[in-house]
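The two complexes that follow have subunit A in common; it is paired with subunit B in the first and with subunit C in the second.
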Partner chain A sequence: MNGWMGKITKIDLGSLEQETVAIDDEMRRRYLGGRGLGVKLYTDLCSAKTDPFAPDNALIFMTGPLTGTVMTSGRYAVVSRSPLTGTICDSSSGGSFGAVLKSAGLDGLVIQGRADHPVYLYIHDGGIEVRDAAGLWGLNTQQTQKAIQEQTPAKTSVACIGPAGENRVAFAAIMNDKDRAAGRGGMGAVMGAKNLKAIAASGSQAVTIADPEGYKAMNARLERIIDKNPVTGKALQVLGTSVLVNIINAHGMFPTENFRRGMFNDAEGTSGEKIAESLLQRQSACYKCPIGCGRTTRTKNKHGEGPEYETVWAFGAQLGVSDLTAITEANYACNELGLDTITMGSTIGCAMELSETGAWKEKLDWGDASKLLAFVEDTAYRRGIGAELALGSKRLAEKYGRPELAMQVKGMEIPAYDPRGVQGMALSYATSNRGGCHMRAYMISPEILGHPVFLDRFSTVGKAEIVALFQDISALVDSTVLCRFLQIAMGISTFTEMLRTVTGLDFSDEELLKIGRRIYTLERVFNNRAGFSRGDDTLPPRFFNEELQTGSSRHRLVRLEEMLDDYYSVRGWDKEGVPLPRTLAELGL
Partner chain B sequence: MAGKIVVKFYGLLRRQVHAPVLEIASDELNILQLLQLAKDKTGQNFLSELLDPEKKLLTGTIILVNGENIRLKQNLETLVRGGDSIDLFSPAGGG
Partner chain C sequence: MIDLDKETLAKMIDHTELSAHSGEKKIANLCSEARSFGFYTVCINGAYARFAAEKLQGSGVLVCSVVGFPLGAGTSTAKAFEAREAVGNGAAEIDMVVNVGALRDKRLDLVRDDIAGVVEASRPALVKVILETCFLTDEEIVRGCELSVEAGAKFVKTSTGFGAFGAFPDHVRLMRRTVGPDIGVKASGGIRNFKDAWRLIRAGASRLGVSSSVAILEGLSLYKFAPAAWLEEEIPCHFCPSRFASLDKQPKAVYAYYKKKCLTCPHLEKFNKFYE
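So, the complex of A and B:
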């Protein structure tokens, strides 16, 4: 078989039984791999009644047909039901783990059951060994990776959880290849609930390519495209993703102090430009990535990876904190303990506002960076105030009677773009299948950054169609599995070409878009069954009622109702956001 | 003339233009003229980070006049005068 390795194994950690999951060509062609195939397998195995922490909940690690082949193909996707949101969830991570998993002979693995003591899985030669991890339990993600690498052959890649995952913090991450994170949605907590500390893989099996000559020529051409594009060829390397800090701030939509303001006085001091001239040691890159957006940094006390744009914001402007060292060290701590930085920072911001309003007796002050590290550590161990922060913002704000102060959608904290300044992004947040996330449809690209085309950020006209299209393309790219940053320089036809060259199957652009739509719709069907509908496709009331007071987004509010009906109709869903029978039939669902 | 035109450089432009802010005293002029003037004043040819060889905006270049994108105004012909604040961003991406 070309592209895929042709093997997905299911393992029950309770009974230790293993079986090969039957996947036929048709299923591969309809869902590809990664997020798509993961969601398909998940919805076949689990129901909307499955508790995320129950043994029968499936945790699925998936690669795609392009994993281990073209540029940026080291990635993998993790699919399960999120303990943070209750929605279906996929989380994706870079590094090389995905490529190494394939070289160990598997396209993916499905994990069910719960081990009766801590274990880790070692995958090689297409087989899975269950190994004791009692001695690893309690170690942080860096120590865990190192310890496992000492017990396994050179070049073993490890994906693991830290204390946060062990303690089932609802936004615990899975970390691999040192500091790469499957961050969002609490996949690390699902892993912890299974007593699964890590998955390690090593191997030397190669992916077979359908058209080796065409593949070589295509790769050379793609390298040139990436190199010539000013963003992928230069800006991301030199300045990383935090180059967005000043841009978003200048648009008056850089969320400050729990989204009460859209401009942060000290944005400059936490910008990508500033990081490049202060903490940056060197850029870092995932497997076969010519872009290299990662930042290897050093503070006076420590060194590590990050911060990326979202993290700079979550521990910076969101909290009124301008101390770049404190932000960076909070980022390192999240990496070590295995926590999603966006939810962590946003939840602290929510707590600060709860404190200010008097709803919560704890004294937390805007701009106080001195307790950041303690907050992060206490959250991972669920101790003291951390036991409350570990709830995430939605449950925390509900507990203290002020649910409107949690800046979340469906339980997931929204990231670093104030939706009042960007209407398409507002619709994208509201309709995202995994909650408040920018990665389902990155409308910042057209509405702020101007690619592939420039759109008026304050207009709602035509946004529904574009959001739906972007959601479909994202689902597709997440199923191949490649890095989204390729989309800055490449359109859908390039992905079609890559898939054709690697798998030998005659995919068309239309077919790929339909695959994306099928995946998005299947996720929606699961969420509908789990009780989500129109009422959940919304945003916190702040964005409808409170105008921003300064900057170029001042006096703006989100106008979701102008877009939502359109969106449902573009998608072929009814007024409640439930896919119509004819839509399901068209997609073969 | 109400004060000077304040031009701020961001992103890759910072590597070329060593001060992040430039103040220009001038009569009303359009953005293209302003960019030429800024180039002369800084002595740095940063225009290729923003414009293509035909002097059109590169995909992804962001130029804001008082926070508003010139693509929603008259593009490079957008007029500016003293007191206006201009932000120049070379093409960027992130997530």
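So, the complex of A and C:
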């Protein structure tokens, strides 16, 4: 078999039974792998009533047909039901864990049940060993990876949780290859609920390539496409993702103090340029990645990875904090404790506004960087104020009677692009299947960066169609599984060609997009069954009622209603956002 | 509605790599892509003409070499020599840079002879004349087009990609109107995505000089899946040389000329105002 290793194993951590999951060629062709096949397997195994922390909830680690092959292919996807949102959720991470999992002989791993004591899984030669992890429980993610690597062969890659996952914090991350994170949606908490501390993999099996000559030419082409694009070929390499700080701030849509303003006066001091001048030790890259957007940094006290753009924002402008060292060290702490930085920072921002309004009696001040580390640590261990922050912004704001102060969609915190300044991004946030996320359809690419077409960011015309297209392409890329930065540099045809040279299967562009649409619709069907509908495809009222007062997005509001009906129509869903029978039939669902 | 298929678009593209720091590896990749996608030529610096011609043998993709690049300020003899050598090394098309200073000084005979010398030296290769429109007024662009045709060039071309700005629809429209339907117009510089390309084709470009060629073809593929986004009405100022005029990079008279054009622009009332 070309591309895939041909083996997905299901393990029950309660009974320790293992079985091979039967996947036929047709299913591979319809869902590919990664997010797509993960979602398919999840919806076959679990219902919309499955509690994310129940033993029967499935936690699925998946690679894709391109994992371990072309550039940026070290990634993997984790699929389950999110304890943060209640939606179906996938989270993906870079590094090399995906490629190593495949070299250990597996395309994927389905985990159900709950171990009666902490364990970790060691995967090699296509087999799975369940090993005791009692001695690892309580260790942070760096210590855990180091300890497991001491017990396993060289070049073992480890994906693990930290104390936040053990304590089932609803936005706990899974960390791999030191500081790479499957961050969003609380997949780490699901792992913790299973008493599963880590998954380690090592191996030497190679992925077979259908067309080696074409594959070689494809890699050369990819290299040039990446190099020629100013974002992937220059900006991300030199300045990392934080290159966006000054750009987004200049567009007046850099959310400041819980999205009350769109410009941060101290943006320059937290920018990618400033990181390069003050903290950067070296650029770091994931498996076979020529971009290398990662930043290895050092403060006076510590060293580690980051901060990336979203984190700079979450612990910076979102809180009115301009101390780059404090932001960076809060990032390090999230990595070590296993927390999603976006939800962590945004929840603190929500808490600051709750405090300011008097709804919450705790005293939290805008711009106060001195307590950041304590907030992060307390959240991971659910102690003191951290026990409240561990709820995430939606539950926290509801608890204190001000639900409108949580900047979230479906329970997931919106990241670092104020939707009042980008109408397409607003629609993307609102209709995202996993909540307030920029990665379902990264509309910043056409609306700010001008790829693949430069769109008027304030216009709603044609946005429904292109948001749906971007969502489908994203679902596709997440199923191959490659880095989404490739999407900035290339369109659909290069993915078609990559899949052809690796798998030998002649997909058309149309067929690939249909795969993306099928995955997105299947996720939607699950969410509908879980009770989500049109009323949930919305944004916090601030974006409809409060104009930004300064910057180049001033006087703007989100005009979601101008786009939502069109969006449902493009998708083949009814007015309530439920896929029509003919849509399901067309997609074979 | 955009009525253009990928193969036709590919045949309008000179797949370009003209950076000073590009070596053989990049040129080899360029040629490999040109073969795969069927671009009309690869456009390269003369030092790589022979190398590219060898790489492209039997592919049907031609080699286009630049001459007097990027300033156009060398002697006519040197340009002719450079062109002859490039053709001898396998170039089937020559993109020469006009003597911009002479054109602005209205030394018309010198400009015409400079071009004619390259046309003669390049035979049987076809010659395109790069006017570097960013340094010229409309009147000078028209004059440059007329002189190019008189001197036997088969194409006029907007830009080197190294000047103050690249190709704009207004300039392409003017050039097409001046040279008529039988002479080619090549738009080059700053063409990054399919919509940029399409805008210039609609204005009259028959050839495009681009380095992001693959991304442009992919944009065409994506267009059909979400046409409304590509067909959205555009603000003309976003694609107007007056908007991109730069006092730092242009002669001050040319800068002032472009800024002054705004005063008589038909879009003045509707579009030419401060945008948020």
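The criterion applied here is as follows: the second predicted complex is superposed on the first by the 589 of 589 C-alpha atoms of A that agree within 3 Å, B and C clash if a C-alpha of one lies under 4 Å from a C-alpha of the other, contacts with A are read in each partner's own complex, and residues count from 1 in each chain.
The criterion applied here is as follows: a contact is a pair of C-beta atoms (placed from the backbone, for glycine too) under 8 Å apart; a residue touches a chain by one contact, two chains touch by 3 or more.
This structure is a prediction, so every number in the text was calculated from the model and none was measured.
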Superposed partners subunit B and subunit C on subunit A - clash or fit: clash
First (subunit B), second (subunit C), both or neither touched by A:His251: first
Partner chain(s) touched by A:Phe454 [first = subunit B, second = subunit C, both, neither]: both
Touching partner for A:Met439 - first (subunit B), second (subunit C), both, neither: first
Touched partner set for A:Ile492, first subunit B, second subunit C, both or neither: second
Contacts of A:Glu465 with subunit B and subunit C, given as first, second, both or neither: second
Touching partner for A:Ala374 - first (subunit B), second (subunit C), both, neither: neither
Touching partner for A:Ala134 - first (subunit B), second (subunit C), both, neither: neither
Partner chain in contact with A:Arg224 - subunit B first, subunit C second, else both or neither: second
Contacts of A:Glu273 with subunit B and subunit C, given as first, second, both or neither: first
Colliding stretch - subunit C into subunit B, listed as 60-68, 114-122 or 240-248: 240-248
Interface residues of subunit A shared between complexes with subunit B and subunit C: 450-452, 454, 456, 552
Complex contact set, residues of subunit B against subunit A: 10-12, 14-15, 49, 58-62, 64, 66-69, 71-72, 87, 89-95
Of subunit A, residues touching subunit B in the complex: 230-232, 234-236, 238-244, 246-247, 250-252, 272-273, 293, 308-310, 438-439, 442, 444-445, 448-452, 454, 456, 484-485, 488, 551-552
Contact set on subunit C toward subunit A in their complex: 26, 28-30, 32-33, 36, 192-195, 211-212, 214-215, 217-219, 221-223, 225-235, 276
Contacting residues of subunit A [partner subunit C, same complex]: 217, 220-221, 223-225, 228-229, 446, 450-456, 458-459, 461-463, 465-466, 468-469, 489-494, 509, 513, 552-556
